[in-house]
Amino acid sequence: MQEQAFIIEKDQLFSWLEKLQQEFLLIGPKKQEEGGGVAFLPIKSVQELDLNYTLTMMGPQIYLYPPEETICTVWRKDDGGFEVRMREEVPRQVLFAVRSCDLQAILVLDKVFLRPGLEDRNYRLWRENTLLIGLHCSSIHPQCFCASMGSGPFFEPRQGYDLLLTDLGQIGYLAETLGERASSLLAALKAQPATQTHFDQKRQIGHYLLTQFQKSIDTTHLVEVLLKNQDHPVWSQTADQRCLSCTNCTKVCPTCFCYNTKDTVSFDLVRCERTRYKDSCQELHFAQVHGANFRSTRSSRLRQFVTHKLATWVEQFGCFGCVGCGRCMSWCPTGIDLTQMAKEIMVSEGLYDRRRQT
Amino acid sequence: MLVKKKKLRLGVFKYSCCAGCEFELIYFQKYIRETFDNVDIIYFRMAKSGGSEEGPFDLVLIDGAITEAWQVDQLKRVRQVARFLLPIGSCAVNGGIPAIKNHTSELDMEKRVYQDITHVHSIKTHPVDDYVQVDGYIKGCPMGRKDLYEAFTSLLLGKRPSFVNYSVCVECKIKGNTCVLISYGWPCMGPVTNGGCGALCPSYNRACYACWGPMEDANAPALARQFEKMGLAPDDIFRRFTQYGSTKPEFRRGAELYGSTTQPF
Amino acid sequence: MDNPHYRVACLLDVQPETEDTSSYLFVLEDGGDFQFSPGQFNMLGLPGTEEAAISFSSLAAAGSGRFTHTIRRVGNVTRLIGELEIGQRVMVRGPFGRGWPIEQAVGCDVLLVAGGLGLAPLRPFLLYMLENRGQIRNLVLIFGARTLDDMIFQIDLARWQEQDEISTIYCVDHLTRESNLRLRTGLVTRFMDGLDLDPRNTLACICGPEIMMRFVARNLALQGYRQDRIYLSMERRMRCGTAHCGHCQIGAKFVCQDGPVFSYPDIARFADTAL
């Protein structure tokens, strides 16, 4: 993979983005009206961008794996056969200012949907047509714990993105490219190559950010401990007293990939649209088959969420399913915190000192 | 051919309600031509005079809650001649607005409404499924069009309809709405309420007031306690869980933490 | 392979098995070949019904593009398949999953335990072993159903009970009427002692309701059968078959990709099963 690093002045970057808009749909963090938070939305003018955001409700991955989309349309032909039409094209888009945790989440989704030999057609279409530009955080939200999950505050893997930006203040952005697509798009800028000083500055910012975290979780024995405690009382206590099964945690989670399919037929029954929408393991009917529901209790569903993110995911995909973005606890109406549940289990295993809990 | 060209024989029966769901059926305009092409109206008093109660029906839609004894008798007769019977709208599904009276004694309520109660023979409000077996629920206030569409097309296709059964939060998240419960601290009933409305109220920056009734297996006590933490008074919490659907155990469990849902006759 | 990839199959023949269950023979409409191994499954669907995961109940016939599913008509997909006439079509994706561990049977005793419709995924495995009988030692089939009328593949059952290559035990919960099948009364676990099998060298394959598999697997383990050679076929809700939709997960396992056939210790370590 071709890698280059430049220094881009801030004005320069914005005018470059404006040029990109001629070819791509620009999607970035935008302040919503009426006191709402920042959300990833289509950007008309680059002035709308809010680059100091810390946490959006929905991650940028909704533009790669939409919460609701059509898989195919099927027509019943007169001869009794079927004509299946798949989605052939998607708009070309730029996902701009994606934080490290969300870049990691997209890497995780890649592992799910782009398994060799088992590629999800729609996801691949979206992914291929998306230019992914990361922007490192310059402050840390109280709910963030990406440092604990190894997915931040700076994005370490050299894969998945096209361009990775770090805000160096007055100097501008340190821009690290990956692959030819980004290099050729940046060529027109004639930006100055970055030097060792710039990388040193980046490292210093990283060290500073690491001191700002208020939330953490020790992942050393996490997998074994959670798998050993599948019957721990914390599941049923939290489920009965606080969990609403509203599925918010899974809907905002940037790595949750489960979907359900739904067929909608026309009244003449000739045309059928097969859509998929993001489903949730917290929903009562998620594991229901004819005559049985394999996770009929709320506690079993809550356990599924937490043990999947923090334990069984590692066996499935070789990484944690949690990227430490803090969304599930931020948008839980009763504030259920999966790190607290994990810590409670570790306390009962004698692995965690209760006084140290943050 | 799997695609059958047989019209559905439809019956619509109305009990205690505002008739909004029947209007919703009449206003099913986007599909009005398709509906008339595929549905034979056998009994539907609001849309067509006459008609036979005797059926037989492919599909019976029941609008309204049961609050009088004669309604029970008719409902049971209709069930026997209906292949599919679906309660439509909150009143029929879970008692809806009429069930608010269940938390006052029946006599007090009758006296409050009528000067002369000698001819009034009301009973406590019950949803349709308290008396007969139902084949699903078209929830909503008024009933949801998406589910109505699903019911018609499924029956034409010969399969059981699958209705929306997740919470309102799901639709807020699909739309990317700002969460009014968390961001503004409003007592939104979305987390325990059945979706299908497209998160209508939260989309206009209002808290959901549960007009679609409880989602199956909703954990209302947990949300009620959360409302208390947020500073809502006990009688406010009680009202939020008894305004719609207090006949269902899901909401009753939440309401009973803050008031009594059982009153003497 | 790109997912989803739909193919169209045409219904060739229907063989009634019980009151609500039949075997459906399909052939691919595109004339292509269709290779699959015993224990694998297809996602079958019709426009408007979504899809259901159904395992193969026949052996693949090379080059023919034919396959058989034995289906109980209980859900939307299965009921509408039940209404198909010969020549009508379904949408197919597959084959998916890992089937029975055929290679592990070589040189071993083989025990098959099936309950109810659970015989369907085991049937192709049994047919394969009868075709390759020389590669294995003793072969025992224990099949239980509620009553005689709930027993599928009765023609096969009658043939197998007369064959020397296989020992059979058929049992029912209630003996309702006599037939040419030699039936015993009781649950399958009642007839699992003293089988002519070497516990240290037996491959046991179980398919049926989860609670039945629980008792059969535990019974075998108590008798000293090697647990890692006990295999069972799990059933879960599925939407994709390609480990994307997440519905079929049991702990770290995707039933659609890592299964549906699992070794007993590999799947019993996770919660949310009856095992």
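Going by the order they are written in, the chains are A, B and C; count residues from 1 in each one.
The working rule: contacts are C-beta pairs under 8 Å (C-beta built on N, C-alpha and C of every residue); 3 or more make two chains touch, one makes a residue touch a chain.
Computed from a predicted structure; not experimentally measured.
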Next on the checklist: Based on mean C-alpha positions, which chain is nearest the centroid of every protein C-alpha shown?
Outcome noted: A
Item to check | Selected interface, B-C versus A-B, where C-beta contact pairs are more numerous | outcome: A-B
Checklist entry - chain A to chain C: how many Å between their CA centres? => result 38
Checklist entry - So, what's the distance in Å between the C-alpha centres of chain B and chain A? => result 37
Next on the checklist: Just the number, please: Cα centre separation of chain B and chain C in whole Å.
Outcome noted: 42
Checklist outcome for this item: Within chain B, the set of residues that touch 2 or more other chains is 1-2, 153, 157, 162
Next on the checklist: I need the residues of chain C touching at least two other chains; which ones are they?
Outcome noted: 48-49, 88
Checklist entry - Among the residues of chain A, which are close enough to touch at least two other chains? => result 76, 80, 262, 265, 269
Checklist entry - Which positions of chain B touch chain A when the two form their complex? => result 1-3, 31, 34-35, 37-38, 149-150, 152-153, 156-157, 162, 165-167, 169-170, 173-174, 176, 178-179, 181-184, 188, 190-192, 205, 215-219, 222-223, 225-226
Checklist entry - Taking the complex as given, what residues does chain A use to touch chain C? => result 71-72, 74-76, 80-82, 84, 112-113, 115, 117-121, 124, 227, 230-231, 257-263, 265, 269, 272, 274, 276, 279, 281, 286-292, 294-295, 300, 303-304, 307-308, 311-316
Next on the checklist: If we count contacts the way the header does, which residues on chain A are in touch with chain B in the complex?
Outcome noted: 32, 34-37, 39, 41, 57-58, 62, 67-68, 76, 80, 240-248, 251-252, 262, 264-270, 277-278, 280, 283-285, 298, 330-331, 333-334
Next on the checklist: Applying the document's contact rule, which stretches of chain C touch chain B when the two form their complex?
Outcome noted: 46, 48-49, 76, 79-80, 83-84, 88
Checklist entry - If you look only at chain C, which of its residues touch chain A in the complex? => result 1-4, 6, 8, 29, 47-51, 74-75, 87-89, 91, 210, 235-237, 239-240, 242-247, 249-252, 254, 257, 269-273
